[in-house]
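The following blocks contain the structures, represented as structure tokens.
Here come two complexes built around subunit A, the first alongside subunit B, the second alongside subunit C.
Then we have the complex of A and B:
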């Protein structure tokens, strides 16, 4: 597909061509930066490292109504899906890859109709990273600052303009909608973007060699490292809550007046109640077991099942942990122990 | 959004009959339910060992093993221990009330592979619920199987599930039922002691046999040890795992034991497989 170019001055014009869709762009909400609908005439602000809340929220919302019912009635109705299609503008490549990773989970054996519906109705416009964060390690887990996996369009900042690369049919449709404000990219533009991609990859300062980890991680089941790395854990769950490939959820019923709904919400394997049996027995009774499961799930079980590590190296779990638990430190200890 | 085939949307079923198996804080109540929708009633198929999500709108759902065999008829039986919010609400229901059901979920006991073999079930407490469909299935297809040995125990005689029907099992040459309680009681005609000891007392031969055990984790551990003492091979031993579940279809994440999802890869596991899973008896 032909590469295009969008002058930064015309970003607003481009966005205005997409009015039939809901446009989600990174926006501040208190201390958090998250994808939210762009209001009225606002201009998308694409100058940021990464959002604190990953865009998985758009396809797998933090809270989602699954079924609705009238109090006292047994019939449950499937909640209506989104009417409008969505465009997510400015998604970092790691977060787009995460969606591809969890596509595996939500479509294996039986499709999850809520996720699949939202995913089908979303166009993901990525923004290549120029300045990776200090804890980014995407290149160690199969990604990169300009990885195109899961993206419909990739934007690369060229200074005054963006290189616009449509990558899928959805991406083509989007570019056609904005054809008036897009121009053909020159060879120099394309080379400029390639150079920027390479430079960004070289700026990534943290690395881990994952070779051998998926196959051998469970052999460290009783190793003392799990006690060591979980000792300071508070069990707050932020490492999984805001992890782009984390996908675990709880289901709860809520009743308000005569209206009831069964909804799902993000859940975390780092919470003690997550696995607690009704009897009170908990197969993962301490943070040692829960941390061990978290790392094993991402780096071994998920690889067994779907042939991909359920971690995209975005660094959020490192950045946000209140007690500075660092997944790369854990993986280094794993490496040493293997 | 696809309405048809939404895997989270449950069917409605009516309680045809309900009775208490045991009483007390953790009472067990059995529900016999029939789907309201004729089409679902006719098309529903399950195999021994499978589970279903049963619940009530506004309260929630719980994964419960189907304690009836498909050979018994176009109904489902669930034996539910009163434990948490959902099971408490279910216990309040009477014949004529309705529940929601979705499933069936999970794999099943490989009853076809077991044809021509001796079947030994070893249960403890509510663990007899997933074993009951095997017993009923084998009884309904009696010619396909060799001896059927039922070993079952609970803390007291009041804690035994399906007591009536088990006591009715007339010991013949090829069917036997051995019951136990943990401590002596007046008028108790059967064994006194723990299930693993009863197993040693019954002393079944491993020759051409399959042993299936369900019950509290501590009982399973000692039953497994004793089965090994009786020279059963790992491949001859089956058990079921239970973990907390929400979705039942391998999405919500929480029921994993190691790299296995109990809702999809289980609940039935061969011991040879389970031995490789470090978290399975946690």
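Then we have the complex of A and C:
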């Protein structure tokens, strides 16, 4: 597919061509940067490192109504399939890869209609990273600052313009819609972008060699490292809720008056009640077991099942952990122990 | 003045004691200006202990957070003490836990670290950026000096980089300790609750809009609850399903209910360590609510939590002259 170019001045014009779709761009909500619908005439602001809340919210919302019911009545309304077409603009390549990783889970034995509907109706426009954050390690887990996996279009900042590379049919459709403001990219533009991609990859300063970890991690089941790395854990949901490939959910019936709904909400394996049995027994009774599960799930079980590590190296769990539990530190301890 | 040799010597002696299980202090983190809580079990591990303006974590949380697992058959429960390093604010959390009988005095050995205020890493990030290599900081003559990646240092006036709670801190010295590591520092702060008054002066509509905006970004990760040394109920109303006091749904109504419940359960108990606000991944200014309640309690009942281990909890005390003109 042919590479195009968009002048930064025309970004607003480009966006205004996409009126038939809901446009989600990184925006401050309260103090947090997250993907939210762009209001009215606002211009998208694409000058940021990464959002604190990943865009997984757009395909796997924190809270999702699955069906609605009325007490005393037999019929229920299933709430899937009425999703609007969306464009996510400015998604970092790691976060887009995460969607491909969790596609495996949500389409594994049966397709999850809620997730699949949102995913099919989303066009993901990525923005290659120029300045990776301190704790980015995407290149160690199969990604990169300009990885195209999961993206329909990749934008690369060229200074006063973006190189626009459509990567899929949805991407082509989007570029056709904005054809008036897009121009053909020159070879120099493409080479400039390639150079920027390479420079960004070289700026990534944290790495981990994952070879051998997925196969051998469960052999460290009773190793003392798990107690060591989990002692300071607070058992909160930051590392999982803000993890782009984390996908666990809880389901609850919520009834107010006679109106009820079944909804699913994000859940976290770091919460004590996550594995609480009805009997009152909890097989993961302390933070040691929960931390061990979190790492094993990402770096071993998921690989075993879907042949991909459920971590994209975005660094959010490292940046935001209140007690400096650092997954790269854990993995390097794992390496030493293997 | 901070004396790290003294700190490590005392730590070594402490963990060598037969009646001490382990010691909790701070150590250099894995990157930038981060610090980790550090659990020391043997004298060999004390060398990584540190104390600096980066030691924000209130370690008193671990006294109540650590799981009480069943004792294996044939074994005796481990009743040894936990040794805990505390700043002024942290010591108030320990005192409040003692007041509430969340812990007993025999369970804890308190190592007091008089403190000159800890930094707000967001303020530091804005000035110096987030480094990759682990780096240190120290207090120096009214300034805070930061080690830079090139080996040089850069100093800023304390008030430019201190956490807000430290600028108004009135208790930098531990209010209770078994051993004090160095001389007490001079108290610099006073607190007129200017920030609370400012928000109070707004109309109910403005206040509602302010909090709706903030609470809409809550992701319900419960880090504010889990980090709080005063949030240690074994059975939290947030986790209860039967009855369900609060829905798990993330929307502004439920998030508000959660945050209001959290704040009310801390009225007369919050010791203003500011940990909830520090850890919030979406930067909700939680101390504005906590401080509002602190101010009310302080003014209406002349009560401050976490100061005297012999005192009673606010809700369990009554004086005939307690103000009651706000009761309808």
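Keep in mind that, in the parts below, the second predicted complex is superposed on the first by the 333 of 338 C-alpha atoms of A that agree within 3 Å, B and C clash if a C-alpha of one lies under 4 Å from a C-alpha of the other, contacts with A are read in each partner's own complex, and residues count from 1 in each chain.
Assume a residue touches a chain if its C-beta (ideal position, glycine included) is under 8 Å from a C-beta of that chain, and two chains touch if they have at least 3 such contacts.
This structure is a prediction, so every number in the text was calculated from the model and none was measured.
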In the superposed model built on subunit A, check whether subunit B and subunit C fit or clash.
fit
First (subunit B), second (subunit C), both or neither touched by A:120
neither
Classify the contacts of A:297 with the two partner chains as first (subunit B alone), second (subunit C alone), both, or neither.
first
So, does A:215 touch the first partner subunit B, the second partner subunit C, both, or neither?
neither
Tell me which partner A:224 touches in the superposition: subunit B (first), subunit C (second), both or neither.
neither
Tell me the angle subtended at the Cα centre of subunit A by the Cα centres of subunit B and subunit C, rounded to the nearest 10 °.
90
Quick check for you: in the superposed arrangement, does A:112 touch first (subunit B), second (subunit C), both or neither?
first
Does subunit B (first) or subunit C (second) touch A:286, or do both, or does neither?
second
Contacts for A:52 in the overlay, against subunit B (first) and subunit C (second): which applies, first, second, both or neither?
second
Between subunit B (first) and subunit C (second), which, if any, makes contact with A:259: first, second, both or neither?
neither
Touching A:278 in the superposition: subunit B (first), subunit C (second), both, neither?
first
Would you give the minimum C-alpha distance from subunit B to subunit C, in Å, for the three-chain superposition?
5
Taking the two structures together, which residues of subunit A meet both subunit B and subunit C?
250, 252
Under the stated contact criterion, what part of subunit B meets subunit A in this complex?
1-3, 5-10, 12, 57-62, 83-84, 87, 98, 100, 217, 242-244, 246-247, 249-254, 256-259, 264, 278-279, 282
Would you mind writing out the residues of subunit C in touch with subunit A in their complex?
29-32, 34-39, 57, 61-62, 65, 67, 69, 130-132, 213-217, 219-223, 225-227, 239, 241, 244, 247-251, 275, 278-279, 281-285
How about subunit A: which of its residues touch subunit C in the complex?
29-32, 34, 52-53, 62-63, 133-135, 205-206, 231-232, 234-238, 241-242, 250, 252, 254, 263, 265-266, 268, 271-273, 285-287, 318-320, 322-326, 328-329
If you look only at subunit A, which of its residues touch subunit B in the complex?
66-67, 69, 71, 73-76, 78-81, 105-106, 108-114, 117, 218, 221, 247-253, 255, 260, 262, 264, 267, 269, 274-279, 281, 283-284, 289, 293, 296-297, 300-301, 304-305
